[in-house]
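Structures are listed in the sections that come next.
In what comes next, subunit A is part of two complexes: it sits with subunit B in the first one and with subunit C in the second one.
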Partner chain A sequence: MIKRVDNSILEVHDLTVSYHNKPVLWNIDFDLPSGIVAGIIGPNGAGKSTLIKSIMGLISPDQGYTKIFGQPLNEIRSRVSYVPQRESVDWDFPASAMDVVLMGRYSERGFWGRYNDEDRKIAKQSLEQVDMLPFANRQISQLSGGQQQRVFLARALAQQADIYFMDEPFAGVDAATEASILNLLREMSHSGKTMIVVHHDLQSAYDYFDWMILLNRRLIAVGPKADVFTDELIQETYGGNLSILATLGNIMQQKDYPK
Partner chain B sequence: MLRSFIEFFSFSDPNVVYVVVGTLLIGASSSIVGCFTVLRKRSLVGDAIAHAVLPGVCLAFLLHGEKDPLILLLGAFISGWISIIVIDLIVENTRIKTDAALGIVLSVFFGLGILLLTHIQKTGNASQSGLDSFLFGKAASIVGADLYTFGAVAVLLMVAVFAFFREFTLISFDPNYAQSIGMPVKWYQLVLSSLTVLAVTVGIQAVGVVLMAALLITPAVAARFWTHRLWLMIVLAALIGAIANVSGAFISYAAPRMPTGPWIIVVLTFLAMFSMFFAPQRGFLSKWRKARSSKARIFEENVLKLLYQLEEKDGNKKVDRSIQEMLKRRDWKHSEVKAALKRLDRRALVTGQSENWRLSQEGRMEGQRIVRIHRLWELYLTTVMKVAPDHVHETAEVMEHIINPPLEKKLMRLLNKPERDPHDSPIPYAEDDI
Partner chain C sequence: MDFWFNDFWIILCGSLVAMSCAILGCFLILRKMAMVGDAISHSVLPGIVVAFFLSGSLSSWTVMLGATSLGLLTTFIIEMLNKRGGVQADAAIGLTFTFLFAVGVILIAANSGNLHIDQDCVLHGEIAYIPLDIGTTIAGIEIPRQAIILSVLFFVISTLVYLGYRGLFLTTFDPEYADAIGVKTTTWHYLLMAAVSLATVVSFESVGAILVVAFLIVPAATAYLLTDHFPSMLLLSCVVGILSSFTGYYLAVYLDGSIAGAISTMMGVFFSLAFLFAPKHGYLAKRLST
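Our next item is the complex of A and B:
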């Protein structure tokens, strides 16, 4: 079930991605409308992180391309923001919450610029939006997991982008933080921004998202949640016939096929 | 000893000036770059580069025929630089992991270097003695002309780190994000690696190939203990590196047969150990003291709780309780109870003297608070978490010292301000008459 949209702002076209010749995503092809909170849903190792990493240009695909607002990523980077998985960095780095959020202003200033008062103001507003302003000067290693996650969100907000890709922002946060993050996502989407969120918990997925992208190595379904969240499709994503693709991937890796 | 100290630091000997300024520049500049090496978790890379410069030095010597420091440095820089490119190529194009790639490059390059060095020694070239200092360092042989090189390199490194500060910070903390906003991460990494090679190339003059990694890494590690701010960490690392290098140079000046390199590393190690133990907040000692003081606080709270329970039992607030009486109820040591009571006395939570004590009004409130939290938590565990009543006491003993007033209020509201705990003891509230 792959729902097509007319005014798509994200177009993923026939994307295949491998690590060391081992394909982990096969022919992913879909598009998304604007102003939604979309969830990328799938079990561990389904390739969710890989999908947004390749959309963000961090991994180059074997084949296929993505376009955002009808353009290649490089043309419109300033309108796109990425929140990596929290565990992907070492939080013992000597920096304060404010330092990290200011990094979100780097793309605006570039190499020759310096962070100015406006940047600091925007950074503070972003921290305020995630209820982290009181911790602005706190060393990041002294924040809880949920607070670190919110610092990451604030950094993305400081970029003032139109489309946001977030990798597991709900992982390891308490119920209160979860609710406030969800609130933020909804507010942003109501103001016309598009939020694309990796999530692996099926229980909460239905309540959180407007649209869903069901993924397990291949694309299972994309569409408004009511159409997509069916027993059959969920079964296909979480239980389904993954084994063939996994085995095939292993064979291709051993044979070192040319890409 | 004192005489050589005065001789050394009065700088009457121009050679001493060269050595001091030279080692100072070397120490500071390699430590600055080393901060990013440490933060990017690339400590092993420093080691690999240090070993990989040897074949470059030897080749430069063979081709050029004499010991011109600039040519040797150039050779070192080129072969160090090639080594990091090779490491990257291996990691990107094969399935060999970074640590294995480092090991391979380190041993192959160093082996090649030793081979060349042996060859040079066999041919018995007279000026070859200068090459040995590359292996173990010989700061004492720094002469005036070297200073220009060291000075230029040090200035270059400092200016580069200053100019690229935000970029280096970003790619060290979160390279994925940096790339996602379109930064040329690979390019900045190459710049940073090249600076590392440069720092290593110069640094081996002081400590030699074998110990260079320590000069690169240790100051940064030591500095990290003292601060949470990156720029301050860099400044401190530079300072620590400079101090260690100058002290090493002094020691080998005072005892000329002592090699400089090992002494620099000994001083560095000492400074790092000192930081590790004595730095506020992150140091072991402060962590240990914090743990001990919270242990003392918990014990004081337990004494208050016991005094409150004794009052609760016989309803008498106007009698002193002897330490003996308390020891009957708890498995405590006489001396520790007495010490805790004295500390509580200073905070005006108890009144009395030597063996006999009673609660003050404030102490009673505090004791009551702890008893209340204990019982609230037990009730929470049995009613909400459905834990059997005989299993709740242990965790409540811990929680009573952890739960803060806002949490306590939440707990109370959640349980509807209950009257009795699971063991049917009353739950005391502050507004009750006490």
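Our next item is the complex of A and C:
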């Protein structure tokens, strides 16, 4: 089930990606409307992170291309932001939360420019939005995992982009951070921004997202969650993984879930 | 020449090399690339020899150009072996610089008759001879050629880092994010590597490859233990470099030994002190806090 949209802001055309000649993603082709929170859902090794990295051009695909706001990626880089997995950097780096958030203002100031007061103001607002302003001058190594995740979100916010790719922002965070991220996702989508979030936990996925992209090496389904979160499609995504199907059964009983 | 001036020039030149290398070293160790500095400082050798052979002089632009391009070639080969060839990063570094250094040694040995450089001079340099080679005289003060060259080097490196601070900081901390927002990560990488190559080449004649490697790694590693604030780390690494040059020189005078060796030794002493007594990351602080 792949829902087609008019006025899409993200178009992914026939994307095929491989690592060391082993295909990871096959013929991914879909588009997304603006102002939604979309979850990329699938089992481990389904190629979820690879998908967003290829959309952003961090991995070059064997075939296919993406367009954002109808333009090739390189034309609109500054309108695209990215929240990498928390583990992708060394948090012992000598930097404060503020230093990291200011990085979000880099493109605004160019190659030899310097950050100005406006950048600092925007960085502070971004920290405020994730309830991290009191920690602005704290060394990043002294923050908890959830706080580090929020610093990463604030950096993306400081960029004032229109489309956000997030790689597992909910992985291993505390309840306060989870609430803060969710709040933020809702607020941002209401103001017309588009958030595309890699997420591995099927249980929470239905609560978190408006749209879902079900992925397991190939695209299983894309669409509003009510259309996509169905028995067969989830089964198709997770294959014969029985333990997951069992928990899924429980979720379905608990929720008034569209049959 | 006044004996005091001798001391002054040697310590000044040592400090200029120390600061230039320490600043770059801070970025190298945070990029987990300390050994790339080591590799570059060795593999510029064939570039120096070939350029020397062509131009007949050790202090020409040809030599600087030849060696800097060899430095960039080294980083390029390391990247290729690692990213495209699937060789592990450390193995790629080891393969590349031992090979290029060996080529350089062979070139020197094969041409030893008509070249006035040898392995000894390349490895150890001769910082003690700096005051003997006068570049110019201003207001009656004889200024050694190396002091002028190394001042220019320090000016170039510190200007580069000052102007490119944000880009270097961003691409060092999170290259993937930098790529995603359209920052030319590769350009910054090669800019930094070119600076390391340049610093190595310019310094090698005065202090030798081994001291250059020590200057690239030890002051930065010491400063890393002392602070969590990157600008302070840059500053502290320079302070450690200057202190090592100063104390190392007088240690060498006292022992009547090699100046480069004594400076390296003092760097080791400062690092050990930081390792043991650094306020937050030192061994004792960690033991006491747990």
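Just so it is clear, the second predicted complex is superposed on the first by the 239 of 259 C-alpha atoms of A that agree within 3 Å, B and C clash if a C-alpha of one lies under 4 Å from a C-alpha of the other, contacts with A are read in each partner's own complex, and residues count from 1 in each chain.
We take it that a residue touches a chain if its C-beta (ideal position, glycine included) is under 8 Å from a C-beta of that chain, and two chains touch if they have at least 3 such contacts.
Model, not experiment: these values are computed from the prediction.
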Is this a clash or a fit when subunit B and subunit C both end up on subunit A?
clash
Considering only the touch criterion stated at the top, classify A:112 as touching first (subunit B), second (subunit C), both, or neither.
second
After the superposition on A, what does A:84 contact: first (subunit B), second (subunit C), both or neither?
both
Once the shared chain is lined up, is A:4 touching subunit B (first), subunit C (second), both, or neither of them?
neither
Name the residues of subunit A shared by its contacts with subunit B and its contacts with subunit C.
20, 56-58, 74, 77, 80-82, 84, 88-90, 93-96, 99-100, 103, 106-107, 111, 115, 139, 141, 155, 159
Within their complex, subunit C touches subunit A through residues 30, 32, 86, 163-164, 166-167, 169-170, 172-174, 176-183, 224, 227-230, 232-233
Interfacial residue positions of subunit A with respect to subunit C in the complex:
20, 56-58, 74, 77-78, 80-82, 84, 88-90, 93-96, 99-100, 103, 106-107, 109, 111-115, 139, 141, 155, 159, 165
Show me the residue ranges of subunit A that touch subunit B in the complex, using the header's touch definition.
20, 53, 56-58, 74, 77, 80-82, 84, 88-90, 93-96, 99-100, 103, 106-107, 111, 115, 139, 141, 155, 159
So in the complex, which bits of subunit B are touching subunit A?
39, 41, 95, 166-167, 169-170, 172-174, 176-177, 179-183, 224, 227-230, 233
